[in-house]
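Several structures are given next for inspection.
Each of the next two complexes has chain A plus one more chain, namely chain B in the first and chain C in the second.
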Partner chain A sequence: MKRFRNLLNYALNCVTRYKLRTLVILIALGVAASAFSSVAFLSDGLVKEGALSLKYAPDLTVQGISSGRQSLISTKYINNIAMAPGVLWISQRIWGYGNIGNMLVAVVGIDLNNTITTNQTRSLLGNSVVDQAPAYPLESGQFLDAQSSSSIVIGKGVAQLLGASVGTVLSIVTESNNIKQYNVVGIFNSESSIYSADLILMNLESARQFFSVPEDKVTDLMVYVSPVDASTKASLVNVVARQIAETPNCRVLTKDVLLKAQERTYGDRSGFFSIVWYVVLIAVAIVAFNQTIVVGHESKFEVGLLKALGFSTSDIIQVRLFESLVLGTLAGAVGLTVGIIYDSVLGAPILKDFLLGWANLYPGFPVPVFISLQTVLFTFAVTIVPLLFATVVPSWLNATVDPDIAMRGARA
Partner chain B sequence: MIETVNLTKIYNQGKKYQVEAVTDANITAESGAITVLVGPSGCGKTTLMSMIGQLLTPTKGEVLIDEEDITSYSDGWKAIFRRQNFGFVFQHINLLPNLNALENVLTPLLCHDVDPEKYKDYALNLLDHLGLSERAYFKVEQLSGGQQQRVAVARALVTEPRIIVADEPLTFVDEASAKTITDFFEQLKDEGKTVLISTHAANLAKMADKTYVINGGKIVDSY
Partner chain C sequence: MRARTILFFVAVLTVFVFFACASSEVSWLNKESAPEPLRQIVGLPSVAIGNLSPSARNPGLELLCTGLYDVPGGYCSYFAPGVPFINFTMAGNFTIGEK
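So, the complex of A and B:
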């Protein structure tokens, strides 16, 4: 045990003794770790927040298709869809984009009066289910008033940009270039801000007028499936989706598909950064290896001398192992700290623009950061493992030759 | 007692620049005696000393310590044997830079299952004996060649080895330091240790109980 402690102390001493190498490795690995962790924390946060938003999404979204593109869907399909076994209720939605000044906002109208329930729903759960609209999280005010065509609930980003609060009257330019006035009755909270920040929610008929949508059409239909247990529900959703997909000129999006699309969007963007990061990591490994070579003569001499003084090959490897672990952990910790400060305190400048893409054009919101244990451990792994290879392997090679040869070689 | 049997070292064997540094060296170094190897520069003294200390693997031959062949040991056992039995003083001093004199002296203890702190007084005592009590906390870079060599002697003795192998220990040493070191070797001999020295310094050769003359890698004379 004392021997182990001695070797550990010696390793720590080496970290402070080879100052230049320590500094170069710390900077290089720290930069790589901070680059990786800041991207990972941000993309994890975006995916997580997106998943959180889908908590309020319907099990299935049915859209119309015309010439292979999304189009308005006829409300005549509602009855057909309601016939599919397992469908709990169906709600209509009209959505699009509108302008408030120079700001583009998402305007969504939902059906507050005429949610269609199926016969089986009534027999299963009773009429009370009709009133069970999803509980959207509000920071202030109340949810939409079904009776008022001028009530809106707005996202926090919209509220902040316009300085609006509950009771404010907003003028929005409609698709037919008319200006309509709406009364803010509620403001969404910051949860799932990636979707709600730029959102203006109104009732279906207001949205119909806003976008000039014909009476028998809507943008899409939200379909909710019977709330059976999770494993059964997944297969039931797929069964219902297949049945609905048989309806002509329709396409069905499941919640899973939306989640995967979201993961692809943010995951792929962070994937691009990951490739850049891998390149940085390889460069760092080369720098670390070079540093080992630069101090190679010194290190080779030291290995030879220590062996002459009675250290075994495994003692030498242990010393270098401790040294690399200390350096790698230190670099990882520095990198993680910088990554967290960059994301959480500075708001991830540059990176945010790239990862958010089009979403960043809309009202700004604090970037969602999710610090997972997995990312933290992975960051440490990638700062420690390359260093282990870059330092332990050359030391092991030096330690396996005769001490006299190692010392003479270092002097040559 | 150390005994070498036909100890031979050929560098780059079978290659274009093959060098036969030591050929069939047979020497004996008794316990409680000073054995000296003398010879001109490049005659194979250091190679022979390194082979005896298991710092270099011989091409052929054996090194017997108390009649036990240690050349057949594995690398790990050789390390253990070195740590328990040998103290080395190198021709090129070989102290670790950026450490102070005391830290250098304590370095061999790090691979022992002991607390080096408990040997601090002993190490300081050794440095004091070698006239370095004032320089114990000086960095290596702040010491003269002679002082560094005396630190190296203290380092060789801190583990209380029974065999001291000193390769040209007076090469970079001034007259005063040389005297201190030679007196110290006499003292070690009196303590019953086996002292093996390679040198071309007359004052060291004078104190030898047994002297071997080496030339061209071969032992050419002994007295």
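So, the complex of A and C:
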């Protein structure tokens, strides 16, 4: 133990003695670790948020398709779809996009008279049913009333942009150049802003008028299948999807497909950054290797002296390994800390725009950040392991030389 | 810089990182188990819904994506090969004959 402590002390002294090498490795590895971790935390957070939304999404989303493009779906298909064995519930939805000033908003119309309840969803998800009214994430006001056709609930981002509050009458020019007036009856809170920042929620008929959707059409149909155990759920969903897919001019999207698409979207976007990160990492490994060789030359005399004083080859390799371990851990911890602060405190400027899309179209909302244990351990691994390999070879080459030759060589 | 100071920094930063990690893991765990009536009633599987709009795509990467663009949670070309139940009737509806 004492020997170990002495070797560790000596390694730490080496870290402080070779200041330039320490600084170069710390900066290079720290930058690589912070770049990787900040992208990974944000990308993981977005995928996690998407997966969370997907958990509550319908088992199947049925859309119309016309000329190879997504289009409105006819409501006459509802009865046919409902006949398919395994279908529990079908709900209609009309949704789309609109611009208010420079901001893109999502207008969603839901069928409040025929909406699967929270308790039913919990039951479908296999959770215990809680007999209470759903607690919508509202900052002020109330949720939509099925009886009122002109009431809307808006996201906090929309409310801030328009200066709207509960009771405000909002006049919006629709795509068909008509002016529609809506009463703001509620505003979603900031906790739900990742989902609701750009949202204007209204009942189905209001959305139909807003988008001038014909009476017999909707944007899509939400289909829920009967509750079964998890092992047979996927096959049931596939059977139902196959049956619905027989309907002409329809396409059916399962949850799995949507999840894969989201993962690929954010994976590809963050992958772009990852390529940059790989380049940085390779550069760092080369810099670390180079610095170790340079310092190895400088410390030849020191190695010779240590061997003359009784240090074994393995002692010297251990000292260099301790050094690398401390440097790698420090660089990883610094990089991860910077990544955490950049994402969680500063809100990931620039990177957020890159991963989310056009920044200027969004109302502001805090980005979801997921600091997973997997990412943390991986970042530590990539800052420590390459450094260990980059230092062990030069130090072994130095340590195997005869002390007399090492000291003479260093003097020369 | 003294050797002990380095160890101190290593320890403090590592503890901070793992604390942040544990806190994040726990908060996501809580979030996942809490009921989400808004997501449930809207039913769109996405983060910030406008992100699905073609006009909100990242211009650097997705400029050429126009095919099956308006899919909840979906992104054009990523979808084309992956959707198992699209009924492209036309694709299988042809014959090849000889004169």
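FYI, the second predicted complex is superposed on the first by the 368 of 412 C-alpha atoms of A that agree within 3 Å, B and C clash if a C-alpha of one lies under 4 Å from a C-alpha of the other, contacts with A are read in each partner's own complex, and residues count from 1 in each chain.
Everything that follows uses one rule, which is that contacts are C-beta pairs under 8 Å (C-beta built on N, C-alpha and C of every residue); 3 or more make two chains touch, one makes a residue touch a chain.
Please read these numbers as outputs of a predicted model, since none were measured by experiment.
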| item | value |
| --- | --- |
| Which of chain B and chain C A:I27 touches, first, second, both or neither | neither |
| Chain B versus chain C as contact partner of A:S91, first or second or both or neither | second |
| Touched partner set for A:A57, first chain B, second chain C, both or neither | second |
| Chain B versus chain C as contact partner of A:V338, first or second or both or neither | neither |
| Greater chain A contact set [chain C / chain B] | C |
| Which superposed partner A:K307 touches (first chain B, second chain C, both, neither) | first |
| Which superposed partner A:P368 touches (first chain B, second chain C, both, neither) | second |
| Touching partner for A:M407 - first (chain B), second (chain C), both, neither | first |
| Partner chain in contact with A:V376 - chain B first, chain C second, else both or neither | second |
| Residues of chain A that lie at the interface with chain B and also at the interface with chain C | 9, 13 |
| Touching residues (chain side chain B, partner chain A) in the complex | 46-47, 50, 53, 55-57, 75-76, 79-80, 82-84, 86, 88, 90, 92, 94, 96-99, 107-116, 155, 159 |
| List of chain A residues in touch with chain C within their complex | 9, 12-13, 15-16, 46, 48-50, 52-58, 61, 63, 65, 68-70, 91, 93, 95, 97, 104-106, 108, 110, 115-116, 118, 121-122, 130, 134-137, 188, 192, 194-199, 201, 220, 222, 238, 241-242, 244-255, 257-262, 264-265, 268-269, 272, 326, 329-330, 333-334, 336-337, 340, 344, 354-358, 361-362, 365, 368-373, 376 |
| Residue numbers on chain A that touch chain B, as the complex places them | 1-3, 6-7, 9-10, 13, 17, 298, 301-302, 305-315, 400, 402-405, 407, 411 |
| Of all residues in chain C, those that touch chain A in their complex | 1-4, 6-7, 9-10, 13-14, 16-18, 20-21, 23-25, 28, 31-32, 35-53, 55-61, 67-75, 78-79, 82-89 |
